[in-house]
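Both complexes below contain chain A, partnered by chain B and then by chain C.
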Partner chain A sequence: MARSVQVKTPSTFTEYKILLGKDLRREFRTKEMLTSMGIYSILVLVVYGAALSQSSQGVDVLQMSGGLLWALIVFTSLLGLNRSFEHEKENGCLDGLLLVPMDRSVIFLAKATSNLLFMLVVEVIAVPLYFFFFLTGAPVSDSWPLLVWPLIVGTIGMAGIGTLLSTITVNTRGKDVMLAVLFIPLIFPLLYACVSAATVVLVGGDWQTTYLTSLALAGGYDVIMLLLSWVLYGYVISA
Partner chain B sequence: MPASDVQTDQATDQPADQPAILVDHVSKIFGSRRAVDDLSLSIPHGAFLSIFGPNGAGKTTLLRMLATLSRPSEGRIVLGGIDIKEHPEQAREHVGLISHRSMLYDDLTAYENLMIAARLYGVENPDARVRKLLDAVELSHRSMDVVRTFSRGMTQRISIARALVADPDLVLLDEPYSGLDPHAVDVFDQIIATVREGRTFVMVSHDMDKGLAACSHVLVMARGRKAAFAKKEEIDFDAFSAFYKKTVGMGVA
Partner chain C sequence: MAQTNKNRRGQMPSRGQTASRGQTALSTADKIAPVILVLGAILSVLGFVLAFTIAPPVNGARVDGIAIIGDQMVGNQMLFSQKIFYFHMPVAITSFLALGVAAFYEIRYLMTKDSDYDLKAHLATEVSLVFVVMVMFSGEMWERFEWGVWWTWDPRLTTYFILMLLVIGYFVLRAAVDDPEKRASYASVFGIITFIDVPICFMITRLVPSSVHPTIFRTDSGLSTEMMIPLMCAMFGMLFISYGLFRWRLRTERAQEELDRMKQTLDE
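After this line comes the complex of A and B, so read on.
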């Protein structure tokens, strides 16, 4: 078949840039995800404040700080991931993307990248607030700047697997619950590794071995799950 | 709509030996239900096929399979010589879909929506193409407004422009009149008439008058099966009308 409009198949990277640009532009305009995730993270901090203020005599917050921080990140991310495909579902936009002659895994890469960026932006706001409210005056280890690596590695993994799962659950009844039910068990190894790495760099002591092992585990998880998500995405989104 | 704007975009050089659409013993099975059941038909290039049938007859399921949005459970579909199971991406290059759902992002402007589509399809000089299409659907003056502010009719016109952005040979219309006021219906018909030549159309509609006025071929479906299939000139309209009412009323054929 021939046509009068000249068409040249764009490169995968160009397709990725177009789709990522679309998500960023849309979010920049509506601020839907960033606002809801930001407010939610602050509310979780308020709840933490209420819960911990009742037991300040008996609980060493620093020892729990890695876990509390990751609980905040996981729940905030879940909220964002649940919304990430909402606007694709509206008006059948996802069908519009599926009609385009391109490898469908590009949709995954672009959506996972935009989710990652939104999650990181919220973390840039929420993590300093968490430090300010709960770790001010606590004997935090000098190694605390290394917290940035488990945060990045953990968020990459959550954005990747979360994007795949939110694609699966977007058309299901009770998708909010369904995403959480699938997401939390699947990211458990990553969460465990990231909580370990975060806790040891905040508490200090002999932290190097645990930190590096945990980070290696989290990195390995990311590589395997991202590759798996990428390979499976075409099938998942078509189904 | 300035006809000259779009008439230069007509698809050409269709292979004479290949039908535009070949549906060969196609079934679509959801669980234990056969939404489309052993359907076969052949549509020549340039034809306009109107598909009628009661709700749940399998019309939209068939259209989604033709659009490569859904895979046949059995059988094969060949679009202009391209088997959609073996070469789905190649087939997609030639298909445009206009649905009652706009496939447009509400928070992006009409221009942005069309530019995204044009760039994803790899249209050379996408800006010129998009501006030409906006002119064609008479919405250049609203090109920088977000789609959320558009009426249903205006959204549908942008949706048509989106579907035509890569100059498809096959245009699929899924209940395109749904929710349109009479003026918007007239505008829609005018646009479709202008881009009609050289392209193959398939339209699913409950509006029998509209469907029969536009078509060259008619397919009536019931319970996923082909209840009737004929060229328009072969149809006795009174008999067809009675048959269609019986089919829709009873849900069987």
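After this line comes the complex of A and C, so read on.
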């Protein structure tokens, strides 16, 4: 019975798939993140309802829509990112992950992807709801479907930086506040670009130049930040 | 992380070395630091005085050909508040440089895991915070008296404001982590990411020409010699002050470290 044991090192992509699958499976079983983020986003919309109740509906709200939409996304993402590493601390799950001889950046990519997916799912719910509540009577420009691109580019960047920062803050005191303190200033350029891109496609008019410049800015910021987070992640998670 | 452990052990002799040298032997940098600090103070004061004596008053904000500010033409009155510029810009450049030095030490820390680099990065960021606050303060005065507003979301103002928040965030982060090694790693990583904002802030007046800040830092800055002299005095003065402050703080911190170690030895 002396059969030699065959040990096959899984490829990096397999490791990535397994780690991502773990996060998604956990979410499908508990539905913890999606419900909390979804409900929170609806609550923010309710607050908007009160905040905007005195403005003349339509044009006023349309001008602010890009900003309001992104405020909603930022706060909802903060909630989700805060929790994304919480359950990894339970039962020493993170220590187990670190024992596996694999590149640390795979953990970053898997975690960022799962955060990105959760944030996108919440946006798919929250953005139509925003339209339903505030923009049904407004003269929205025909170019509104292009809103998708700033949403995707912005969410990618936020998921990337957010994953790095939430790995840091999960080990600090007062972690909920700490993530906001570090996260919001850091994503500000991205937020600024995405808000301007979202606003011009909603309002319409001469939007092409502003839209493309803003998207290029946001995309460039994404690339820089994702690369940097990817490189620095190993130092953070094994600290 | 065998490498980390090796380096952590490796750092001990360097600390011991400092201890054995004791108080009597100061490094050259520590010796010249007070001199540089005093020199910096003299130069800054000189620049300040010259800004009021030899630098000519400026028409409106026409330093660099920008005439429209806040949607209105600035009149030809001589603007006294422009004198803030001779203080404002050197301090801003110094804060960028200090953050650059901090980023350098942060990268060195992540490469070597030597806690001395972390200390240096921490102190450089501390010095930069002082300068960042001074920039915000002088900028705020300028804004009020020259543009007539308390705050505007001008691209450079915005990016600099974020920079201030990030530098403050660096210290909030340090205060929230107890384990020294974790604190050093987290702070270094965050400091490196923070540094991304520095080139953005520096370049933004070139990228977004609508900015109310003129582009000063270039070969043909449009400044006359009488304006350049006080500016350069203040610039080098501020750079010297920042270096002096940094070395001084470093000396204090090292003395504190040594004192703690002595106390520990006595307790044992």
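Worth a mention:
Operating definition for what follows: the second predicted complex is superposed on the first by the 229 of 239 C-alpha atoms of A that agree within 3 Å, B and C clash if a C-alpha of one lies under 4 Å from a C-alpha of the other, contacts with A are read in each partner's own complex, and residues count from 1 in each chain.
Simple rule for what comes next: contacts are C-beta pairs under 8 Å (C-beta built on N, C-alpha and C of every residue); 3 or more make two chains touch, one makes a residue touch a chain.
Because the structure is predicted, anything quoted here is derived from the model rather than measured.
Touch criterion not met for A:Leu227: it reaches neither chain B nor chain C. When both complexes are overlaid on chain A, the residue A:Cys93 reaches chain B alone and has no touch with chain C.
Contact with chain C, but none with chain B, is seen for A:Ile168 once the two complexes are overlaid on the shared chain. When the two complexes are overlaid on their common chain A, residue A:Ser238 makes contact with chain B and with chain C alike. In the superposition on chain A, contact is made by A:Met102 with chain B only, not with chain C.
When the two complexes are overlaid on their common chain A, residue A:Tyr192 makes contact with chain C while staying clear of chain B. Touched residues of chain A were counted for both chain B and chain C, and B has more of them. In the superposition on chain A, A:Met178 makes contact with chain C only, not with chain B. The intersection of chain A residues touching chain B with those touching chain C, taken from the two complexes, comprises 238. For chain C in complex with chain A, the touching residues are 1, 110, 158-159, 162, 165-166, 169, 172-173, 176-178, 181-182, 185-186, 188-190, 192-194, 196-197, 200. Interface residues of chain A, counted against chain B in their complex, comprise 1-10, 14-15, 18-19, 22, 25-26, 29-30, 87, 90-93, 95-103, 238.
Within the complex formed with chain A, the chain B residues making contact are 8-15, 67-69, 71, 80-81, 89-97, 99, 101-108, 112, 116-117, 119-125, 129, 146, 162, 166-167, 169. Across the interface of their complex, chain C is touched by residues 161, 164-165, 168, 171-174, 178, 181-182, 184-186, 188-189, 192, 224-225, 228-229, 232, 235-236, 238-239 of chain A.
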